[in-house]
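Below, each structure is written out as structure tokens.
Same chain, two partners: chain A is paired with chain B first, then with chain C.
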Partner chain A sequence: MGLTYQSTGKLATREIFNVPASIRQPVVALAGNPNTGKSTVFNALTGLRQHTGNWPGKTVLQAKGSYIHDGRKYTLVDLPGTYSLLANSVEEEVARDFICFARPDATVTVVDATCLERNLNLVLQVMEITDKVIVCVNLIDEARRKNIRIDSDKLSERLGVPVVTTAARSGEGLSRLLDVISDVVFGRVQPKPRLVRYTPEVEEAIARLEPGIRALVGGEINARWVALRLLDGDIKLGHSLEIFCNRREPVRAAREVLV
Partner chain B sequence: MSTRTILGDLMEEAKNIVGPRQDQVRDSVVKSIFQAAENIAGEVVSCSSPGRANWDRKIDNIITSPVWGFPSMFGLLAVVFWVTLSGANVPSAILAEGLFWIEDRLTDLFAALHAPAWLHGFLVLGVYRSLAWVVSVMLPPMAIFFPLFTLLEDSGYLPRVAFNLDRFFKKAGAHGKQALTMSMGFGCNAAGVVACRIIESPRERLIATLTNNFVPCNGRFPTLIALATIFVGGSVAVFPGSAMATLAVAGLVVFGIAVTLLVSWVLSRTLLRGEPSSFTLEMPPYRKPQVGRVIVRSVLDRTMFVLARAAVVAAPAGGFIWLLANARIGGTSALAIIAGWLDPLAGCMGLDGFILLAFILGLPANEIVLPILIMGYVCGGAMTELNSLADLRQLLVDRHGWTWLTALCTMLFSLCHWPCGTTLLTIYKEQRNWRWTVAAALIPTAVGVVVCMVVNNLVRTLDWV
Partner chain C sequence: MAGKTTLNNLPSGSFALVTEVLAEGLIRRRLLDLGLVPGTRVEVVRRSPAGDPTAFNIRGAIIALRKEVAGQVLVSPLGDEAAG
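Right, the complex of A and B next:
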């Protein structure tokens, strides 16, 4: 319904994939299941008016905005809502490729406090791609109304990444979220994700593939995760990787010139 | 060694390790992730009582029930239209009065400056007048309809609509999420077309794209509402009258949905054959909409955006129409000559040449169809001021011989004709295929021509007019 400036795609960014972002300003990605309030968080942080609505799949485009925190400008990218990152759909592919190849300086995974379990599936998958994850437990007000309590310290400990509870609609918790984002972006806090351990069979297979992958992609992309994807027969990722590896050299050169 | 060969080797190796157990590996991976999520959630979440969750379920049991689902949906639709219709009349009249008062002052100003008649005609009677019409006819219904629709969207009602309509779309060989993209089309078909991205399967996405235009967008609602008010509800907005007009508009919308399903069905059996894919649609919890913000945002963002777009198109179009209407070729205006060419076809469809011409010239934006029509009618003869719907009724019925059949055919054609320029452009951008873009224009137009011809000839044969 909202044929607004944002939704018609003027702000949708494809170029961002090609921008060596950390040279300029920190890039923060917003991931999460559909309908967890990602766009509300996005709007609250950027002051933009990305169309929000209570139905899953509303953010069909990836929206980009920016905000200033402590005198520093951050770029915020609102990824399409997905239940997983297995690239079953275009949205999942977009979200995954962005986290993997655009390598945001922090990825905030927004989860719905009222159905944490299902949302954690995505968090666990995001953590496999990048260390720099922050979990934003949103809709905490709704959870309170439903008498659902979440032990955020324990959650943080179990996941190994910072957890912030928010109610984005009323602005609750957002300033802390901004602080935590900057902590992660500038390395004051270094998340140490506790990854899912798979069955011995799968783990063994990962271990066999990992060295070869690391030699190819270097430290920029998580080799363990790539190994897992290859074991899953993910051909699309293979293509994206090829493009990434071929482009890396020119980008690196550009970086050296610019820095 | 090149990247490609290294990658190829790695993928080959992965394949060898997994062997024929590809599915098992995936299952095992997914299972491990789910297990981990379950364990963590079990440790950190505590829930003292189910509380409100039951309340959600109770509402869902009613509005998605096989028995009450449809009546409640139709009822809600009718309420939204009724509020829009009856609420828009008064502000519309006030706006029209104010804007036409300004027109008179502008005329005085031009006279005082001894400006040439053609300049006054072009700028004031052409550009300004069509702008004034677009604003006074469109703004009030939009300013009411958009917030109401956004409230429904915010509360979580839309996915329930999709749930209710799912079996119909499935029977039509289309995707259940098409109900969502269709709903977005009520606001703006271009937005509806963009929303089609939520449908993964290209075949079903194309069906949803091609049929999105069958629900009236905000540019067409004012036309429908104005005509329904004049011809169904009488010219005065008293309760029974506006209730009837509401039912007429709601009926048209239901007809549009029926056409959507029918065309989807035909497409999925001819050009776009295939099985409907299954999908899961999460029913989000009901959330209390942020009423204040919804109203401010939907008025400022959507209403003003759509209005600005309409105005940008209406201003030059108004000037152009004025030129057409006043350029005399052998004593007749160019507009009348073109309308004359269109008359035979339009006549078969229960319209007249001016109406069809207004639709054609309204290609850039549907909002300007009615203003163009009025200008075409008015410019031909003596100038009249149109301050209210009563004046409009007089113009249409007394001067140009409209009957309820003309109004009905106009409304039907408004519902089923080519999408506006913006929507077509959006379809092209989304599909990257000009053939489907042309199809998106031809299919609704063909449907509209056929429907209008059938209705017109049926009614005339039965001697109802």
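Right, the complex of A and C next:
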């Protein structure tokens, strides 16, 4: 499949998030529950090549940086740690808007090997928004110490996306992570997330909404996921859609009036 | 297994199994996202000096919940033998 950077919409949206919008520079996001080692992975990969500031219009810290792998430069964005992407907090809103609208070329979801189960909720939510997901099972050293064995092949098979185990603090597994990221970014590996199927009533409602949504938002934003959020009664996503589809600067004042 | 109560009614150091989440809307979503689905074992870690909120160990993360929120989670208390 190769490069998929034709979309100028995506690039314009990335600019809204203060992230370099070059057709040559892939963007990789790090998502995950709080305290799973995202920033440790981020620091190990970007070293001193990083900037911190705030997410545009938000009081949430944004860390972005870059690294070079196989002679190519990647932008890495450290998303706030969240248990969910359903926008019950500013952190969740930032993380999900970035994944949904800036459409990273790969989203690495960092999970804690010592309590994998509780982390999979977020993995499933990320997979509902984007196919380009890699699961990074971090803290594998801690898991070993507690005699927890992770069958990453089985996990990968069950989820339908690549799984890499790491111990980010000591650097274990990070070079493999970089290889897998580039495989996903350049389409050599195409994750096929196993999505949650809902009850027939919900699936029918999704099917009814999807075509209209696709006509409104275009093929790049995941219409199934937007349909699910609308069925959830998610008003915030409606506002975000309006902003990002019109490629306008987020107007905070307008939002305050609407809330 | 003892009868049903809500998460806010348990003493520090006790364990319980979630049987049902009564909350609706955003609070329901939040509780489910935190891992409070039926069948989950929860430990009451400690209560703040003022009595609220209370810290719970939910699937390996320590999470503080206010009593209005914890009161919307039905649980069956577990005996001490489950504490290991």
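Here are some notes:
In this section, the second predicted complex is superposed on the first by the 213 of 259 C-alpha atoms of A that agree within 3 Å, B and C clash if a C-alpha of one lies under 4 Å from a C-alpha of the other, contacts with A are read in each partner's own complex, and residues count from 1 in each chain.
We take it that a residue touches a chain if its C-beta (ideal position, glycine included) is under 8 Å from a C-beta of that chain, and two chains touch if they have at least 3 such contacts.
Just so it is clear, the structure is predicted and the values come from calculations on it, not from any experiment.
In the superposition on chain A, no contact is made by A:K236 with either chain B or chain C. Residue contacts after overlaying the shared chain place A:V90 against chain B, while chain C stays out of touching range. Contact with both chain B and chain C is seen for A:R118 once the two complexes are overlaid on the shared chain. Applying the stated contact rule after C-alpha superposition, one finds that A:Y198 touches chain B and leaves chain C untouched. Once the two structures are superposed, chain B and chain C can be ranked by residues of chain A touched, with B on top.
On chain A, the surface patch touched by chain B in one complex and by chain C in the other comprises residues 34-35, 86, 114, 117-118, 121, 232.
Every residue of chain B that touches chain A in the complex is listed here, in rising order: 3-4, 6-7, 9-11, 13-15, 17-18, 22, 25-26, 28-30, 32-34, 36-38, 40-53, 146, 149-150, 153-156, 158-159, 177, 180, 183-184, 186-188, 190-192, 194-195, 197-198, 200, 281-282, 284-287, 289-290, 297, 301-302, 305-306, 426.
The touching residues of chain A, when paired with chain C in their complex, are 33-35, 83-84, 86, 88, 112, 114-115, 117-118, 121, 232.
On the side of chain C, the complex with chain A involves touching residues 26, 29-30, 33-35, 58-61.
Chain A makes touch with chain B in their complex at residues 1-5, 7-9, 34-35, 49, 51-58, 60-61, 86, 89-90, 114, 116-118, 120-121, 123-125, 142, 145-152, 154-155, 158-159, 169, 196-199, 201-202, 205, 208-209, 212-213, 215-216, 227-228, 230-233, 235, 238, 241-242, 245-246.
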